[in-house]
Structures are given as structure tokens and as C-alpha cells.
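Shared between the two complexes below is chain A, which has chain B as its partner in the first and chain C in the second.
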Partner chain A sequence: MKKTNILDVVSRKLSPFILLFGIYLVTFGHISPGGGFQGGVALASGLLLILLAQGPAVLVQYFPLGRIAKAEVAGYGLFLLAGLAGFLLGAGFLSPLFPPPGTIFILNIVIGAKVGAGITLICWYLFHEMEEQE
Partner chain B sequence: MVEILLLVHLVLAILVLSIRSLFTAVILMAIFSLFSAVLFFVLHAPDVALTEAAVGAGVSTFLYIWIVKHTQKEPE
Partner chain C sequence: MNRVFYGTVLLLFSFLLLVSLVVEREPIEQSKGYVLEQGTQETGAVNLVTALYLAYRAYDTLGETIVLIGAVTGVLVLVGKHT
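Then we have the complex of A and B:
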């Protein structure tokens, strides 16, 4: 399928704004609607726009696959750590350790990294599998 | 407002099921998710609307387009 100039230019201009909106959703999740999951999915859809319209080489150039995988693992580990920290300090699992926005803010950022990296990796490996079969 | 949105949902669902071209059906499904997001927003659930817009119109459309592209026969 031939790629047109319109698709090329629009995807190149639109994807940074989608990524910025995803970061906004993650960081302002405790004030306005949004949060870790929604912001993470917005981040992932920005990366998938690059992958679908620009090709895998451009995505790998700006966001190396190893770093995306590390972000996912770090998200999982930090969430577990933040949960167990409250457990070890005598309060319950995931109990708030910091004054009000603190814990929710940290958990939102961790969940955003985890969800965004996870969905990007799922779609990446599907893409890769399909490309190899041809 | 809600009734109009539900009518749009009905029309879009019938179109998705009855249309011949698979690509058009996938794009109509994305529009369907977008209208669902508007419906959730009207019903005072902005969180659900954001999730629906991101997952329904973004990621699942990616997956469906990819699958349709790789399972359809090339026209000769």
C-alpha cells in the first residue's frame, strides 16, 4: 500500500501532541479526569501512530525497544514497592505514606509508564510477527 | 441529547454489520466508539469517556486494521 504525503505529515505533526496529552493526563490525574490507565493508553496510541504511519525504524530510533521494556518492568516493580512499603511500615497494603496528592501522584506515574509501555510492546510484537511471516 | 446519541449508535451499528468492505466497517467501528465516548461524557462519566476514546478509537482500531490488512486477499 502506497503511503501518501498527507498521512506522513499529519502523523508526524500529531503524534507529539498525543504524547503530550498523555503526559498531561498522567500528571494531572489526581485533579482532573484522567489518571494512570487513561494517560498510559494515550501515550501508547501516540507511539502506535508513529509505528503505523512512519514505520518501525522511526519508532526504534526515538524510543528504543529495550527502554520501553525497561519502563514496563520498572513500572511493575515500583508499583509493588509502593504497595509493600505501606505494608512494611505497619499500615495496610497501598496505604498513603505521603500527604494527599503524593501517593496518588506517584502511583499514577508508575501505572502510566506500565500501561503505555505494555500496550506498545503488545502491538509491537504483533507487528513484528506479521512482518516476519511475509 | 441522550436519545439522539443512542439513535446514532443504532444507525452506526447497523451500518457496521451490513457494509461489505471490511476497512470501512473498521473505521465505522472507530466512529461508533467515538460516539460512545461522547455518550459517556454526556452521562457525567468523563473518566470512562477518556478510556473509551483511547482504547476503542485508538488501540483496538490499530489491531483491527492490522488484522484485516493481513487476512484479506489481495485483489489481482
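Then we have the complex of A and C:
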């Protein structure tokens, strides 16, 4: 497939804004429509635009695959820690630690990072497999 | 004999299904009203969807993250051998 200038320019200009929009969706999840899952998918779509239009080397340069995988695992670990931290207060599992919006805000960010990393990893390996078969 | 048995079971189930379809019950609106009234106050989230899935049902969300991590693990096991 031939890479045109249009694809090159548009993907370079558009992907930062998609990533910014994803961060907005994640951080404002408790106020406006959005949240961790939706924002995470928006983040992943920004990364995938870089991957598809610029090639894997550019994506690896800014977001190394090892770090994406670590973000995936760390998101799960942080969610579990946030749940276990409820025991410190003598309350139940996943009971809020911080004053009202705090816990939801933190969990939204954790889930956003986790979902973004997860979708990116899945698509990365599936695209790689597709390229190998061709 | 087998046919009679299966037929009876099917008839019984269809009767139960018919009853559950015909008999109407009042929908339980207690929890809905509670979340609508108290949700923002209790959790601090204006977006009630977020209030539900991160405050009232955070345990469910934990399960969803496990599902996602399972999906990633499955893709890695099946596809990611060579990289």
C-alpha cells in the first residue's frame, strides 16, 4: 500500500488531538459524559492512528511496547490496591478512600490507562499477525 | 416414552414462560430513585453513569478489567510468539 502525503500530514496533526481528547474524556469522566472505558478507547485510537499511518517504529519511539504492557498490568494492580486500601479505613472492599470525587477520579484515570494500553496491545499483535501472513 | 417425557418438560417450561410473560409486575424503581436522588451527593460524580460503575458497582468494574486483561493475555498467547 502506497503512503500518500495526505495520510502522513493528517495522521501527524490529528493524533495529538485525539490523545488530548482521550485524556479529557478520562479526567472529566465524573462531570461530563465519558469515563475510563470510553476515554481509554479514544486514547488507543490515537495510538493506533500513529501505528497505522506512521508505522510501528514511530509508535515505539514515543510509546515503547514494554511500557504499554506495564501500564496494562499496573492499571489492574492499582485498581486492586485501591480496593484493598478500603480495608485500611476499616471499611469494605473498594470503599472510597478520598473525599467524594477523589476515588472516582483516580479510578477513572487508572481504567483509562489500562483500557487504552489493552486495546493498543491487542490491535498491535493482531496487525502484526496480519502482516506476517501477507 | 422418551418423547412423552421431553414433551411434558417442554410444555411445563412453555407454561412457566407464558406465566412470566402474561403476569405483569410493577418494575422495581427503588434503586433507580435512590441513585437519581442520592447519587451525586454520595459519590460526588455529576455523571450518574460514572457514579454507578465506579462507586456503587466498582466490584463489577474490577471484573471488567479482569476480562480485558484476559483478552490481552489470550491474544499474546495465540499471536504474540514471534515478537
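Observations on the structure shown:
One rule holds in what follows: the second predicted complex is superposed on the first by the 129 of 134 C-alpha atoms of A that agree within 3 Å, B and C clash if a C-alpha of one lies under 4 Å from a C-alpha of the other, contacts with A are read in each partner's own complex, and residues count from 1 in each chain.
Heads up, the rule we're going with is that contacts are C-beta pairs under 8 Å (C-beta built on N, C-alpha and C of every residue); 3 or more make two chains touch, one makes a residue touch a chain.
In this text the structure is predicted, and so the values were computed from the model without any measurement.
Chain A has more of its residues touched by C than by the other of chain B and chain C. By the touch criterion defined above, A:19 reaches neither chain B nor chain C.
In the overlay built on the shared chain, the residue A:109 is in contact with neither chain B nor chain C.
Shared-chain residue A:35: touches chain B and chain C both. When the two complexes are overlaid on their common chain A, residue A:126 makes contact with chain B and with chain C alike.
By the touch criterion stated above, A:71 is placed in contact with neither chain B nor chain C.
In the superposition on chain A, A:59 makes contact with neither chain B nor chain C. When the two structures are aligned on the shared chain, A:48 is found in touch with chain B, with no touch to chain C. Where the contact sets of chain A with chain B and with chain C meet, they give residues 33-35, 37, 126.
Those residues of chain C that touch chain A in the complex are listed here as 42-47, 49-51, 53-55, 58-59, 61-62, 64-66, 68-69, 71-72, 75-76, 79-80, 82-83. For chain A in complex with chain C, the residues that touch the partner chain are 29-37, 72-73, 75-76, 79-80, 83, 93-94, 96, 99-104, 107-108, 111, 114-115, 118, 121-122, 125-126, 128-129, 132.
Residues of chain B that touch chain A in their complex: 46-47, 49-51, 54-55, 58-59, 62-63, 65-66, 69-70.
Interface residues of chain A, counted against chain B in their complex, comprise 1, 25, 33-35, 37-38, 41-42, 44-45, 48, 52, 119, 123, 126-127, 130.
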